[in-house]
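So, here come the structures, one by one.
Look for subunit A in each of the two complexes below; its partner is subunit B in the first and subunit C in the second.
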Partner chain A sequence: MGYEISLLTFMGISIIGSLSLNLITGFCGQVSLGHVAFVGIGAYTASILTKADTPFFVALLAGMLLAGTFGVMVGLASLRVRHDFLAITTMGVNFVFLGVVREQEWLGGELGISSIPDPGFGKLGFLALVLGCVILVALLSFQIRRSWMGYVFEAVSGDEDTARMLGLDASHYKLIAFALGTALAGLSGGLYAHHVRFIFPDSFAFVESITLLAMVVIGGNGSILGVILASALLSVLPQWFQFIGDYKLLLYGSLLFVVMRFSPGGLAGLAQNLFLKSKKYFALKENQ
Partner chain B sequence: MLYLELFLQGLLQGSIYALVAVGLTLVYGLLRILHVAHAGLYTLGGYFGVLVYNSSGSLMLSGIVATFGVGILGVIIYRLCYEAILDQPPFVPLIASIGLFIAMEELYRILFGSYGVSYTNPPLQQMLPLGGLYLREGEWVTILVSIILIGGLAWLSSRTRLGLAWRATVTDPQMAESFGIDPIRVRYFNFFIGSALAGTAGMIVGILNNLVEPTMGSVPSYKALAIIVLGGLGSVRGTLVAALALGVVESYGTIYLGNVLNRDAIAFVFLILVLMVRPQGMFRGV
Partner chain C sequence: MSLLDIRNISVRFGGVHALEEVSLNLIQGEILGLIGPNGAGKTTMLRVITGVVRSNKGEIDLEGELLNNLPIHARVRKGLGFAQQLVRPFREMTLVENVALAAGAKQTLHPWRSMFRVERREALRESLKWLAMVGIEDAADSFPNAVPLGYLKRMEVARVLALRPRMLLLDEPLAGLNQVEASAFADILVELNRQGQTILLIEHNLAEVRRICSRLVVLDNGRKLAEGIPETVLNQPSVLEAYIGQGTVHAEN
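Up next, the complex of A and B:
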């Protein structure tokens, strides 16, 4: 039972991470290749604080705040560079984060931070906390998408110049997207650190950023349910692949490739295609 | 003397970056794809080199296999992987490419082992002092090969009909097509040249380190992206300057910043700083 609980907790944390990236990349159209850096900032901040006897929730909040602050800084960069340039800049952010963390003694260097204190809710309690966060973040996502802000995000993502011409303050909303998205990434980082209770630089390597982006894109950029489904699948997939052990990453890489090559709209795109096709099919049938 | 040696080492590293990054920038200039799997081809060049050399003993033959074999594979990758998703938003080919790269690295690990392959009797390892500079033969060869290949590329693109067709297609694909240039052929050619350069670079690095590992391409893959962005995405001249500059900056940086940042992060700090000042890269519009 313990294993399943741990797996579910991990799944929940992944969903928070990918939904937070979905706000930036899916809703607002700003491709970020370094999102896990903010997860890392949240994780390091929260675990250093709880190790210094700060209450768990305060530490979690502090992690979110710091991640969000750095997020706004990267958001400022997104006002300066666009598209592919932004993707590469955010990728750079990931490498710089790793490069700095690896060399700092007080952050544990290569060895990272171990024996992070248990928040004391028990395994089930922690799972409940994580799932609660997942529901909150998902509700927030739905709420944002229906709000005025969601429409502006969509406009910016579709065609930023036109959005600006219509008098929308694109910069302002891009910064909000980055602030929100990275703060939530910080939340998932804090939760992650207190779930595994041991973090080191490689937990936040570039390939993890790709995994997060893959969850968003395979889910269907912007589709909340698609992203939740994709992150649930992709986070447990490596566990299911254990039986093929050695070929795990090979399969994972090929999967990313195959989905993008044959269904660029991700799962949501696939579902929509099937839906449209079946609708057409039934419409034909009715006509006959 | 230390300054000069560091500078030279920087240029050496930079010329290897240049060989990898030029291919990447060619692909980007023509198709707007960030081709991460390019570094997988670079690793493959290393493997071709070491495997052919170990079984035949001829450096010439292994060089030919590494260059042309990888070049042809590059064309196949374009044909099978990218051609169908060219009209998708840019992150689609990017993620497909990253997936392909992960799969390639894993395939090498499974096929050739995770500890890498070494040359059984390593070529070009003697010291060869020239003009007061002490470098290994391999390092001189690296400099020579980079100059020849990149010079050849410059000649090809500026002095031949093929090069003319190529530049025309990069500037305006539709116009070029209406003048009777076959864009498909230009793309094949583009992937062939870019991949062949990466294959050569992979073989050279394999000789210099006397080791070809499955993960050999992971650092160059992302660093080469940083380089082509610095060079202004799609500009070959800019890429060359950026590659050499980065090699030199890294080589000084490891000495003076080594305890704050590791080597691989320096490239990206440099990148972010430059992009904040010049969002279009160092050379766009110069």
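Up next, the complex of A and C:
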């Protein structure tokens, strides 16, 4: 039972991570290849603070704030560079993060931070907390999508210059996407650190950024339910099958390629296509 | 009364003078035609007005307020409505959604607050009216890829109108349309003008320009060549020369 609870907790944390990237990449169209750096910032901040006897929720919040602050800084870069260049810049952010934490003694260097305190909710309690966060983040995503903010994100994602011509402050909206997305990444980091209670630089390696991106793209860029489903699957598969863990980069890379090539809308796009086709099929049958 | 006052605008791209000391004004209620041969600097002028291109020198003044240092979106919020030469619809949105995004300008003014504003029906309803105004309400729920260019050009104007701008700045709205479509489109502009809309029009279709513009400014090689009512300006030898090439006027003489 303990294993299943732990697996579900990890799944929930992954969902928060991918939904947070979905706000930036899926909703607002800003590709980020270094999102796990912000998960890392949240994880390191929260861990250091709880180890210094700060209450768990305060530490979690501080992790979100710091991740969000760095997120806005990277967002400022997104005002200067776009598309492929933004992808490369954000990829750089991931490597800078790793470079810094590996070398800093007070961040534990290569060995990372261990004996992170137990928040004290029990395994089931912690799972409930994580699932509560998943629900809140999902609700926030739905709210953004149905609001005028989501409408503007869609426009900025489609054609930023035209959005400006319609009086939309595209820069401000992009910064909001980065602030929210990275702060929530910080949340998933803080939860992750207190779930495994041991973090080290490799927990936030580049391959983890690709994993998050794969979850978003495979689920369907921008689709909330699709992304939840894809991250649920992709987070537990490597835990169930050891060989998937060994070939993660190869497998997720190939999956990304296959989805981009055959179903750019991801799982959500696939489902929608099937739905439309079946509707047409039945309509045709009725007519006959 | 002058709505937009443009004074001594100069723009250099590297060593090229795209605009040199050009001044012009847009008067409330008129259709001003900004014409000139290719490369004269018309589009550059429009881009300076909207803020896409920053001028090296000169001032842009909207009823006493200097626009020079404002970003594009802020100028649009002040009442500049700009329709681009190449249509750029949001391809993932239907035509009516494209327009509604502009019609809901109030909802999107404050980015953080926009997260709590959900109601879109009002903006969609209003957008249908704008689409009807330009005569394409039948395609309201179509996606941009499914309608012809003429529809997209009209949608672009409907989208700008939905911002309720104090002036319309149009860059070759008739380009790519056949004569019937162009005429119909020009009629829409006349009708808008009749309802009080001030329009600055860049256009190569001189027949339509002559027909609908109340005043013309001619640019050539980045300089202002002539200004006045269409009949006078279009018969001026220097204008003919700029358009048709040197020697023509002499040959006619």
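Odds and ends about this structure:
Everything below uses one rule, namely that the second predicted complex is superposed on the first by the 270 of 288 C-alpha atoms of A that agree within 3 Å, B and C clash if a C-alpha of one lies under 4 Å from a C-alpha of the other, contacts with A are read in each partner's own complex, and residues count from 1 in each chain.
The rule is simple: a residue touches a chain if its C-beta (ideal position, glycine included) is under 8 Å from a C-beta of that chain, and two chains touch if they have at least 3 such contacts.
The shown structure was predicted, so the numbers you read here are calculated from the model rather than taken from an experiment.
When the two complexes are overlaid on their common chain A, residue A:Leu127 makes contact with neither subunit B nor subunit C. Shared-chain residue A:Ser254: touches subunit B; no touch with subunit C. Judged by the touch definition given at the top, the superposed model places A:Ile144 against subunit C, while subunit B stays out of reach.
Residue contacts after overlaying the shared chain place A:Asp169 against subunit C, while subunit B stays out of touching range. Within the superposed three-chain model, A:Val152 lies in touch with subunit C and out of touch with subunit B [touch as defined at top].
Across the superposed pair, subunit B and subunit C touch subunit A at no common residue.
For subunit A in complex with subunit B, the touching residues are 25, 31, 77, 80-85, 87-89, 91-93, 95-96, 98-100, 102-103, 206-207, 210, 213-214, 217, 221, 246-247, 249-250, 252-258, 260-261, 264.
Only residues 28, 32, 34, 81, 84-85, 88-96, 98-107, 110, 222, 225-226, 229, 233, 258-262, 264-269, 271-272, 275-276, 279-281 of subunit B touch subunit A when the two sit together in their complex. Across the complex, subunit A is touched by residues 50, 52, 71-74, 76-77, 82, 84, 88, 90-93, 101-102, 104-105, 107-108, 111-112, 114-118, 120, 159, 163 of subunit C. For subunit A in complex with subunit C, the residues that touch the partner chain are 143-144, 146-149, 151-152, 154-155, 158-159, 161-162, 164-170, 172-173, 176.
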